[in-house]
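Each of the next two complexes has chain A plus one more chain, namely chain B in the first and chain C in the second.
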Partner chain A sequence: MSETPTLLSLSGIIKRYPGVVACDGVSLEVKAGEIHAVLGENGAGKSTLMKVIYGVTQPDAGTLTWKGEQLTIPNPKAARALGVGMVFQHFSLFDSITVVENVAVALPGRVDLKELSKRISEVSERYGLDVNPWRPVHDLSMGERQRVEITRCLLQSPKLLIMDEPTSVLTPQAVDQLFETLRQLRDEGTAILYISHKLDEILKLCDRATILRDGKVVTETLPREETEATLAQKMIGRKFPECRRRDDHTEGAIVFEVAGLSLEADTPFGTSLKNISMRVHAGEILGIAGISGNGQSELLDALAGERTINDKNAIQLNGIAVGQLNPLQRRVLGLTYVPEDRLGSGAVASMSLTHNALLTAHRRGMVRTGLVNFRAARDYAGRCIREFQVKAPGTEALARNLSGGNLQKFILGREIAQEPKVLILAQPTWGVDIAAAAAIRQAVIDLAARGVAVLVISEELSEIFEICDRIAVMAGGRLASPRPVSETNAAEIGLLMSGMFEGAAGQATPAAVSAVPA
Partner chain B sequence: MNIDSLTPLFASAVAAAIPLLLAALGELVTERSGVLNLGVEGMMLMGGVTAFIVVASGGGLVLATLAACCAGMVAALMFAFVTLTLQASQVAAGLALAILGSGVSAFLGRGYVGNPAKVSFSELPIPLLSKLPIVGPALFSMNALGYLAVILTAATTWFLYRTKSGLILRSVGESPVVAQSLGLQVIRIRYLATLFGGLMAGLAGCYYAVAQFKMWQEGLTSGNGWIALALVVFASWRPVRLMLGALLFGGVTAFGLYLQAVGVQVSAFALASLPYIATVVVLAVISRDQRALRRNAPTSLGQSFFGM
Partner chain C sequence: MIRAPWRLVPRTLPSPRMRVLAPMMAVALTVIFGCIVFASLGLSPLAAMKVFLIEPISTINGVSELLLKASPMCLIALGLAVGYRANVWNIGGEGQMYVGGIFASGLAIYFHERGGVWLLPAMVVAGAIGGALWASIPAVLKTRCHANEILVSLMLTYVADLLVKYLVYGPWQDPAANNFPLTVAFSDNAQFPMFAAFAGDWLEGTRVNVSLIITLVALPVAWLFMQRTFAGYQLTVAGLAPSAARYAGFSGPAAIWMALLIGGAAAGVAGVMEVAGPLGQLNDRWTPGYGFTAIIVATLGRLHPFGIALASLLMALVYLGGEAVQISLQLPKAISLVFQGLLLMLLLGCDVLVNYRLERRRPAATAAVEIK
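Take a look at the complex of A and B:
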């Protein structure tokens, strides 16, 4: 490998945003025919670095050398002209138009759609990327969308392909399929920059790895000489935190029960819920795995009370039918929840932590005769900050000024301190740094140990396996019956995530079925 | 109502539909790019007064039409600069443009109120076809702007769904962020779409001043710019449905006039308000199906785009 010439080299790249230095003197070399990992936590500067390479943003300092020639990349068009392709984390596809139209939009000059669809089929066949050019994108599963993105890049025969967190929306099987494609491309001489924070993928796939922390390169290393633990240590600068699990779990009474819940989607591309049933016992953590967009947000809306349902008995809390109660009424009965969207539904960005505490916890002595008792509210917010080690300047700090992890800890703390009987969490550690994620998972485990029924909706499979007692999988608006975590594995869950389970077989949505690799 | 009275009723429905169609077609293209320009009424009035002044000063109809288009585009350009370059709220800027257009047109046209237009568009009957019963006089005896409106509807449909530029326009309206990441020039495309909206609104104003009413008065368009906005939603952003919608609204207007003409004992004001009542009713009805509405609406409609 040392004989191959360097394709791209970055030297001393600096990019500042107001208040942060996203990249602080980053240097990086990529050779043709290698899969080069860029590893780092959220906020380590990975995405900014890729945006610099792809011409989306301009660096404040530093040089970029392509095939031995120093140049600047003013915009994505220029990057593509050089032979740089990028597959974004949040796909850059237009939902309302077909696959072939999505490709056509990105190509220069006049395009004949029929001829283009043939080229798409050729390329997708050659790399095992099964794509039907004439389907509208909103009908496609996440895995299929990614294949469209990759195909679109490959049509321009890139020398360098950037993949930004490509597996976050894929089933384990689709991940394997993606890796096959990437290896084939590498063997044909394409350089691949693989951005990720998932250590096992990097060990499995990548030839070299550059590790970033706080905008700086920590080290460059060969993954085959590393283990997950050593990589993690380099990535976060200390030992990888682990959760203490309790195994002496005894089954408590059923606290929360859902029976035959169906609900129409309220957005055009949403997923309708179909006959969902589950039971959560006291002291149990039930995990709902599945790829986002399979009905999770609709389910959370229905369970939390943001949308009420016609059959009020379909959701029962300690035997009380709550299907037509609003979120506040459900809170009074002991059901609290932490939504997926921290800034927006979980907390109000422009309000202080005290005010944010008031929003859901006001019943705990903070309002008397219609007037707010700010001392009580401040005390409550302060307690959340202390007990959950939230790094914040104080109770009057604005929610938006907290990092994702700290705000999430605060929101979780706010809900836990209300002493719920049932706690529902959606994507609890999404975009949260490793240390905070571990703290959050530990808090959830401890809460269940105190007899609270916990429901965790997450697309992070490793998280579900780490903290949950039983796992149910959501696909195409249906829920598979839960399996005890000790009796299942990632492969089985992965198959379920593609919609292959009883009650769904034969009538699963086309999108869900076609996500299964042939 | 006998069959003979249907002929003039239908003809006046079409006459009332044409300016709605012209203005709404322009707004449809603008909105498809993600820009919500509420200033259609103002741009129409600017076009109308300009056309009338050109004619009154001895200019011909072609010159008047071109001038009206330019006036509409100048108004749209102001809107585009404020919202696309300076990132102001599209809703606020659009409302301001509507008010500005009414005020400026009233000011410019104050010396012309009450005078008949010196020249005006006349009907161009198509031989044979115009002799058809009922629909003949309505559809095949229109003036030049009427035929132009039909041709432009077809052309816009073809542009939106059959050309790459149309595909790009729709893409920008759906997601400017994605469009930019693909290297499309979002702001430039939105400028062009907004200017086209101004051009078409100017044309609609021109129609009122020198083809339909053949005179100038303050507020000549009498709120039809707002109806055109509603029409775009009614048609769920599709040109052919837009044409049907324009005919429907034109029909309601014509029906009000017809009832007055045959002497129905209802206040003339009540009859004149029929199209606006119809607008409210229709919007209320189609808004009931929020999902269908959102499926067709340009996703980024009305949102400022800051680039990356």
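Take a look at the complex of A and C:
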């Protein structure tokens, strides 16, 4: 492979944003016909580098050489004209129109839809992508949407395809399918830049890897000569932190119970909840796996009380029906919640940590006769910072000035210090650096060991397997009955994630069945 | 497509210092633009500015007039600011002020010449209730039907205006007023006593009255409410991050109600200050638009009580200056509206530059694909 010519080479790329240097002299070489991994933690500069290549941003310094010629890529249109395609982590498809219309809107001039749909079918068939051009996008699963995005790129026969964290929305089976397609493309001579922080994927798929840390290239390496542990060490600069698992716990009393919960979606493209039941015992961590958009946000709204439900008995906390209580009332009864959107829901970005402590912990002596006792709030925030090793200049630091991991530790600390009976976590380590993620998982495990019932909703399957005692899977607004973590595996969970489980048809109401896409 | 050579790029972290400085820059720019306006009218800018900004407050009487005008504007702006902090945009302070004035006038007319010392406090309470009641209409419509409070509160201002007209042309018209649209002149215990009446000779002839004390008390109370109470905190969270308020379980409708009721009550009391103050009766054209100007006052004062106090003094000065140039320089009184408009637009302009910076478009971006 060493004799194949270099397709793209970056040298000394520097990109500064106010307060941070996202890329600090990054150099990178990509050859035709290789899958090249760009590996790094969140904030290491991966995305910025890709934006430079795709012409979304301009570097402050450094050169970009394409097929031996130095040039600038002023915008994505120019990048596409060169033969660079990119599939973003968050898809840019319009939900309400069909696949072929989505492809057409990105093309210049008038487009013959019939002609285009034929080409889409040809290309997708050739790479095993299985895309039906006439289906409306809102009907498609996340995996199918990604295939549409890839097909859209392939129509332009790119020389270089950039994939930004492509597997975060896929089931394990869909990941395997994606890898097949990527390998086929590589074998035909396409270069692929594969951005990820998932080590196993890089070991499985990639020919070479460039590892970034804090905006700098740490090393370039051949994944086939590495293990997960050695890669991780290079990525984070020290040993990979591991959680201390506890031994099998004895099953406690049922603390939190959901029975036959159904809820209409409140947005046109939301997912309605269909007959969801689960029980969380004291001292247990129940994980809900599944790809986002399968009803998780609706379920969280219902469980936390941001939406109340008609049948108040469908959600019970220590035997008390809470279905019609608001989040504050549920918190009084011992239910705390760490939301997915930490800077916006979990914390107010422009407020200090003291003020943010007040957001949910105000009942703990911080309000007297309507007046705020700021000293108590400051003490509480200080305690969260100390006990959860939050890296912050102090209690008066603004929430938005904390890194994702530190803010998440602060929010988790704030909720845990309220001594809940039930803790719900949504995507607890999403966008969080590895060290903080390990600390967060450890805190959750320790909390359960103290007898708290914990419910974790996460897309990261490895995380679910790492910390949970039982795993349930959410798909299409339904919940498969949980199974003990020791009695299942990723393949089974993956099948469930694609919606293949007994409850999907059998137990559902007739109305709900007709809503299931064939 | 026409593309400007410059574009606005959001700043990642707008400087807090510039947020405070922006109103002052806007005031300075308004003076500069004002000079240009005067010069284009063939007047000496400096002399005109002196008449406009300095002469009105060079006497005790002038200062008294300044406070008399600033006080109701400040009070309305304080109430509106509470709502604006919660992202509840009550634009109808003017109408709420009318209804406050109507409620107080009703009491004054009903108990004409027979009320006791209780009458004036009762009128203040009635005014607050009237204003709050008027503001509760947009609150109901927003919480029940998701109707936009900006439109509803604004349109209700014109309804309130017609209500005032109906009353002073109809049932409440003073029979002795020769068909002028006026009510009877309120009796003494339905009017705020002037400081001049008991403060000695040096205030001789000034009109500023004890209603000023209401505003002076409202300032620290508003500060306390915004900065130190849990209710104020909840409103601020609702304004800054609605989804955080929902997550915490703070009631959205409660925030809307509180914001509108406080704003309406404050405006209603301001209405009482006018009808039971310099007017001493209700007529059909009694306000120079304090309720609308208070929106500028609240914005200029950065929704902070201290800033609002300063801004209300400034806007009062613009009113007085408008009258002064009318008398001394024979310019139309509308010049004060020109200055109000200038000030607001320049402040908005300064705010844009606090939150965004100008960046020259790269020539490459305007060209088509550039490949060698």
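One rule holds for everything that comes next: the second predicted complex is superposed on the first by the 502 of 518 C-alpha atoms of A that agree within 3 Å, B and C clash if a C-alpha of one lies under 4 Å from a C-alpha of the other, contacts with A are read in each partner's own complex, and residues count from 1 in each chain.
The rule is short, and it goes like this: a contact is a pair of C-beta atoms (placed from the backbone, for glycine too) under 8 Å apart; a residue touches a chain by one contact, two chains touch by 3 or more.
Keep in mind that this is a model prediction, so the values were computed, not measured.
In the superposition on chain A, contact of A:P76 is made with chain B only, not with chain C.
Once chain A of one complex is fitted onto chain A of the other, the partner contacts of A:G319 are absent, as it touches neither chain B nor chain C.
Greater residue coverage of chain A by touch, when chain B is weighed against chain C, goes to C. In the superposed model, A:G68 makes contact with neither chain B nor chain C.
Touch criterion met: A:L371 reaches chain C, while chain B stays clear of it.
In the overlay built on the shared chain, the residue A:P5 is in contact with neither chain B nor chain C. Residue contacts after overlaying the shared chain place A:S92 against chain B, while chain C stays out of touching range. Common to the chain B and chain C contact sets on chain A are residues 75, 77. Residues 11-13, 228-231, 233, 237, 240-241, 243-244, 246-251, 362, 364-365, 367, 369-372 of chain C are the ones that touch chain A when the two sit in their complex.
The residues of chain A lying in touch with chain B in their complex are 51, 56-57, 75-77, 80, 88, 92-97, 101, 104-106, 110-111, 265-268. The touching residues of chain B, when paired with chain A in their complex, are 164, 167-168, 170-171, 174-175, 177-184, 290-292, 294-295, 299, 308. Listing the residues of chain A that touch chain C in their complex gives 17-19, 58, 69, 71-72, 74-75, 77-78, 81-82, 304-306, 326-331, 337, 339, 341, 344-351, 355, 358-360, 362, 367, 370-372.
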